[in-house]
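Working notes for the structure below.
Residue numbering begins at 1 within each chain, and the chains themselves are lettered A, B and C in the order written.
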Amino acid sequence: MKLFVSGRQAWVSIGVTLAGTLLFALLPLLLSPYGVRVGQLFVLAAGLAVAWTVLGGFSGYWSFGNAAFVGTGAFTAALLQLALPGWPAGSAFMVALVAAMLLNGLLALAIAWPILRLRGIYFAIAMLGVSQVCFELVSNIDSLRGALGVNLMDIVPRGVRPERFYYWALLLATLVIVLVAIAVRHSKLGYGLLAIREDEDTARMLGVPTTRYKMIAFVISAMLTAMMGVIYAHNLGYITANSVYRGDFNLNVIVYSLLGGMGTIIGPIIGAGIMTYVTQVLLGDLLDTHMFITGLLIAVLVLAAPNGLYGIYDNYRLRMRRRKQETQR
Amino acid sequence: MTLQTLVDGLVLGGLFSLSAVGFSLLFGVLGVVNLAHGAFVLIGGYAAWTLLDRFGIDPLLALPLIMLGMFCLGYAFQRTVIQWATKRASLLASMLLTFGFALMIRNALVLIYSPDFKSVTPAYAFDSLSFGEVTVGLTRVAALVVSVVLLALLAAMLRYTSLGRTIRATAQQEQAAALCGVNIRHVFALTAGVSAAFAGAAGVAIGLVMPFSPPDETLWTINAFVVVTLGGIGSPAGALVGGLILGVINTATAQLVGAAFPNAMMFLLLVLMLVVRPAGLLGNSFKGSR
Amino acid sequence: MTAQSILSVQGVSRSFRGLKAVNEVSFEVPRGSICSLIGPNGAGKSTFFNLVTGYFAPDTGTITFEGRDITGFSPVQVAHLGVARAFQIAKPFPGMSVTENVRIGALFGRTGPRDVAAVTAQAMELAGLAELHDREARELTVGQLRRLEVARALAARPSLLLADEPCAGLNPTETAEMVTILRRIRDAGATIVLVEHDMPAVMEVSDTVLVLEAGCLIAQGKPEEIARDPRVIAAYLGTDE
């Protein structure tokens, strides 16, 4: 059994990813602690956005509620560590990570059956509902401590600066997410998901097991998002429902893909880079109007470049090729 | 559940219905999910607050004025922004676009009015009517009356006027309507105008009954979506049914389960409803769903 | 059902809101043949395709494919057994290249994972698309799209191909190409059921012709017999009564 359907492209992407990760891994040695913190935000955003893409970008089922998995991942880890006092930090972290990913995978599986039958807009809004329910339940049920907050274990090894440690941890997780996304994209599963995005009825007619594929992609997406959530929670050190079930997570992951290029893997990464730079560095001082500027950016983006930067490049490529064919004639 | 809870639930339900009907109309006719709808509702509320606070104009007198203003806003919004987006990008992208506008409006409201809660309190705000053991504040009565009257007017407008017939025809067969000489863009923009006008009216009524602040816009948008999902898309009757059910469930949950749970219950209901009957109780009055 | 027939339809009916779209239709499709289904608009041809591919279930009757009762199977099940369908309104995935489109057919058809590349190339060759392999579907002409539709269906290695008006809207050159392609597909071992309005093409390519009118099978036979059949002529031209 061959691993990838389009093997050469897959191995090129993997090579580029590994090289890129290596470059990014060296960055903290050059940057100030503030720069490293901005870097963390970028890596977190990129990882979450690529995890979203596995379902949203490939199959066209846009989830408006991925914060559900960030938050539920974070709280699973935090509450588990609370229940396991006295464990060494390293193994407590690993247990929490695995448990959070499994639990979110199960959660996704449980909600996938009813809501992945819905199409387009209904699925998007149902996911927004799911993330709100999770937030409200964790906030309002006392034993889940969403309102009160939970402390997480300190897992930073001695002698490493915390901001660097978390930068690397988030980078490693993002590397895993990107590799999984590449593997999905170039496998049979990936081609099936693309067919679903293009035309679900035709896909079914061609023999694509649409329901099963959507569920698999959803579960993968949820587990990867939860993994990011667990690391993010440790980075915060102390979490409340408000700090992990963040509405802007729901929105931003989509915006990054729209900006960079929907359905690609590099698109959301570039989008995350640009948005992080613009909001944190260029507009870092304008906290009052932060939301206004984000909204304006989204509006301009959708109106001016609905297919993102990749769409602009793609149109250019098509036009060039057409011109070449005409000159050949 | 006491009678008082039921009455409170119905008043709240009237507000839900009124705030959702414009959203529902736009969704049914244009297929556009306007995530800025809740922000439009709040603009209405803040307009009523400003008119009362600065100029002493009673909110019920200001209502037609606010609706007219919001109508113009909605018309312009459709003609410029949404039309452009639906033409060039997907419906999902247009949904994201309205989300962008929601963020901008929310931020602008915070800057203008501060993030604190405001409420519209005319002189009669503290009077109330009693029917036996049930007591209802006068403003609540006013809010309920405004909701029901406006919904009835909208239903009559859609049913009997030529504008209403044009809107319904366009919703069902866009191309056929265009071939019959209907200016589709104009009709769509009129629909968006009506939608925004009713959002503004809902804002006024909400302001009479409860305090509001800029971040509430998300809640009112989602409320509208839940109402539409419950009742059915595109019709005032669907909005009324959905809104009243939601209102009663809301107050009942607060009383029976706990004050913190109405929202969770509402979203749970939304998800359940989408699963069981995505077209809503009354179905889509314009086209098939899914 | 005889041994050499691949598809057997026995007494199949299906109504929509009281209207009998397909009424007590029975016939056999011999293996390795091209069998055309003709009839005026609304005769039930498309409904028949939808019944065979599992999009609708018949109200009564049985559909047997390769000796197996497939009545009431889902589209995915039917596809996996080796029935492929090429649509009248070509539905290639617009954002994908020609190769990717055909590859999806191969991936989800009855091809081993090792053979995907070879089967994809072969299907594109058969449909005359080899030169266009890196073109995106949205760049193609109508005739090319129709061939892509056929190639994608073919890549699933079907033993039965249902082709829904593959010649509709094509110019004479393109139609001739399509006829050649259909023959090549049959010669490669597949059976084809064709719905087509282009009578010269039908007469040229078919081994047997079935005529439907108002949901009923009114004639079947070799193309030259059908062309002379008075009932068929009446169905198409009307009678002087």
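Descriptive notes on the structure:
Note that a residue touches a chain if its C-beta (ideal position, glycine included) is under 8 Å from a C-beta of that chain, and two chains touch if they have at least 3 such contacts.
Predicted, not measured: the structure shown is a model, and the values here were computed from it.
The leading chain pair by number of C-beta pairs in contact is A-B. Once CA atoms are averaged chain by chain and compared with the all-protein CA average, the nearest chain turns out to be A.
Set against the Cα centre of chain B, the chain with the most distant centre is C. Centres computed as Cα averages put chain A at a distance of 33 Å from chain B. Rounded to whole angstrom, the centroid-to-centroid distance between chain A and chain C, based on C-alpha atoms, equals 43 Å. Chain centres here are Cα means. That of chain B falls 50 Å from that of chain C.
Partner chain C is touched in their complex by these residues of chain A: 1-2, 5, 188, 191-192, 194-195, 198-199, 202-209, 318, 322. Taken together, the chain A residues at the contact with chain B in this complex read 62, 111, 114-115, 117-122, 124-126, 128-130, 132-133, 136-137, 139-140, 247, 251, 254-255, 258, 288-292, 294-299, 302-303, 306-307.
Residues of chain C touching chain A in their complex: 53, 55, 75-76, 79-80, 84-85, 87, 91, 93-96, 100, 103-105, 107-109, 113-114, 116, 136, 139, 152, 156.
By the touch criterion stated above, chain B contacts chain A in their complex at residues 33, 81, 84-85, 88-97, 99-104, 106-108, 110-111, 218, 222, 225-226, 258, 260-261, 263-264, 267-268, 270-271, 274-275, 278, 289-290.
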